[in-house]
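First the structure, which I've put down as structure tokens, then a few questions once you've had a look.
Letters A, B, C and D mark the chains as written, and numbering starts fresh at 1 in each.
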Amino acid sequence: MNKNRLEAFSDGVLAIIITIMVLELKVPHEASLDALKTLLPVFLSYVLSFIYLGIYWNNHHHMFHATKHVTGGILWANLHLLFWLSLFPFTTGWMGENHLAPTPTAVYGFVLLMAAIAYYILQRAIIAQQGRDSLLAKAIGRDWKGKLSPVCYLAAIPLAFVSVWISNGLFIFVAFLWLVPDRRIERVLSEREKE
Amino acid sequence: MNKNRLEAFSDGVLAIIITIMVLELKVPHEASLDALKTLLPVFLSYVLSFIYLGIYWNNHHHMFHATKHVTGGILWANLHLLFWLSLFPFTTGWMGENHLAPTPTAVYGFVLLMAAIAYYILQRAIIAQQGRDSLLAKAIGRDWKGKLSPVCYLAAIPLAFVSVWISNGLFIFVAFLWLVPDRRIERVLSEREKE
Amino acid sequence: MNKNRLEAFSDGVLAIIITIMVLELKVPHEASLDALKTLLPVFLSYVLSFIYLGIYWNNHHHMFHATKHVTGGILWANLHLLFWLSLFPFTTGWMGENHLAPTPTAVYGFVLLMAAIAYYILQRAIIAQQGRDSLLAKAIGRDWKGKLSPVCYLAAIPLAFVSVWISNGLFIFVAFLWLVPDRRIERVLSEREKE
Amino acid sequence: MNKNRLEAFSDGVLAIIITIMVLELKVPHEASLDALKTLLPVFLSYVLSFIYLGIYWNNHHHMFHATKHVTGGILWANLHLLFWLSLFPFTTGWMGENHLAPTPTAVYGFVLLMAAIAYYILQRAIIAQQGRDSLLAKAIGRDWKGKLSPVCYLAAIPLAFVSVWISNGLFIFVAFLWLVPDRRIERVLSEREKE
């Protein structure tokens, strides 16, 4: 089976998700800077979600770069990931419009958690197909980032009811963690080329 | 004629359909879990349609993997399929917002039926062009899934006025039937490679 | 310059235009068939525009299949075509919501006319770059369809104020004319392969 | 790393941005030409932004045509550019709906400025990776257009509070400046081919 079409379809879905989020930034009727200020929480949650989707696209890109064959299981694990990512515009808009109220913030964290779990399942499905000595398995190594992230999201859900700033602080912290592109795969790939 | 551009265009349309469906999940103004509960039927019908579109993409992928040449007839049969699939966001939103009322459920089933017929026509158009001994014809075999599905949809339309649960049960049943990826084509392909 | 990226971008824009048109089919609040009936004119104008965009995609596909090099002029002629096509969702929704009133029907015809002119300019730009003996120039021949279509649209604009049925009849007539895929290019291509 | 997927993703995002802008052209309820006239400022700002996005796509196309390897830094610089471009539908709609009022015009200019800076950063990131003697570095040369444009946007921001016509005049002036496709890269490329 052909991985190019899976990549193209995923790119399409991610490109649409990242772009329709901006539709939640509804054009205000007034032409004043005050009208813009009201939109600030929606704008900031848009920025956060844009960065998260950028990270997912970036890591997805790396992961499939190190993948050769695509099975039915991988196809569905990929669609499962896209499903949770497709809920980002909704949770982003809800959290933003309610000025980071506790419940929307907790739900935002829940969708981040489910997307992280879906990404982990996809990664496992690819490694299961390629074997433990595969390029991807070596590149990921102990995967401390992939393990720490869901723990942070899980903590952020109840903490939203203590203080939404702690939860959002955790979301931003995880984003910074991943903003550094996944050099592990790049390193292993370039080592291979040298051999 | 080039099948890559037909695949790319279909991927684009399917990616957009699957993603704009989420726009029907309208951001509630309240920040409570109760507001989310009201959205539950819309969410569940979104999940169902997401799975259906995933199945169509998956099978479309397999079908064109086994196709070499694209004729004008195949192009239009493909656009005809995309037309019915493009109505999914509408019927999904209508069924969800009306908490699975009989008429929207019946219309949802009607669009599923028309998409299944359009898929069948597309399959026939490809086999007609490739010959009865083609890879696709062999892979599909007697095509009991492709024949059982429209029967289920057809039954679900009047049954929606008896009980919407029967109709939705049928929709879920057919989805599970197809969720197993089309191993027939995979099998025939891998047999060819062995020879 | 690379024609693949121009094709991919055009496919993306056309896929989005064809799909967001369906957003004008607004989900009714009532769950009755009567609510659907009210949407009938919007639905029918959606069908008409879907067919038109399918024709444009189809012909665009054929035209660039017969094109080798892409210049800056061709890029901008292509964007000019996409601009007029991007107005289809607007004119389709306006004509549909107003139950085919004269002014929206005339404006619908005007946008069809501008798209036809933009297509003609794009075709000229490609032939200018490839020479009069090029594959595309031969394939198009006297291009009676490409010349008759804008005449029909031009006639449909004032006729909308006489009877919208004449105008819509002309739109449907031209669509049927083109629905037959552009066999001219297919023929010339297959002749070349024989040589 | 593969530049094709970065190009495909960017094409997808640009195609969506350019197309969803048209959703700000809201279908009027009345069927008269007067209703269209009210939309004129929204339409004109749509045309302006369509041309700007066409220019960005065109230059992006040229820039990556002259790029071989893609690093993590280039990926993020590209996402940064797409972020600012994704705000075009919002600023276009806001400026249009408020009939080119000063504040929305200044904000429109601000987003143009940020996009120009993001483009400059991306260009620097590519040249940094390819070396000063690279194809792109030579093709760009002194880059007077790339330096003059942000100066014009910067001037247009405060000038919007003097007269929005000066600001919009500056926006149109810069668009014309770039409408001429970036022949510099084309020239260097064709010279290379001759060698």
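Simple rule for what comes next: a contact is a pair of C-beta atoms (placed from the backbone, for glycine too) under 8 Å apart; a residue touches a chain by one contact, two chains touch by 3 or more.
On a predicted model such as this, the values are computed, not experimentally measured, just so you know.
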Relative to chain A, chain with the most remote C-alpha centre: C
Is the contact between copies chain B and chain C built from the same residues on both sides or from different ones, judged by whether over half of the numbers are shared? different
Just give me the whole-number Å value for how far the CA centre of chain A lies from that of chain B. 26
Counting in whole Å, what is the centre-to-centre distance of chain B and chain D, each centre being its mean C-alpha position? 37
So which stretches of chain A touch two or more other chains? 8, 12, 15-16, 20, 23
Which positions of chain B touch chain C when the two form their complex? 1-2, 5-6, 8-9, 12-13, 15-17, 20, 23-24, 72-73, 75-76, 79, 82-83, 86-87, 89-90, 93-94, 97-98, 101-104, 107
Partner chain C, residues of chain D touching it in the complex: 7-8, 11-12, 14-16, 18-20, 22-23, 25, 27-33, 36, 47, 50, 54, 57-58, 61-62, 65, 179-181, 183, 186
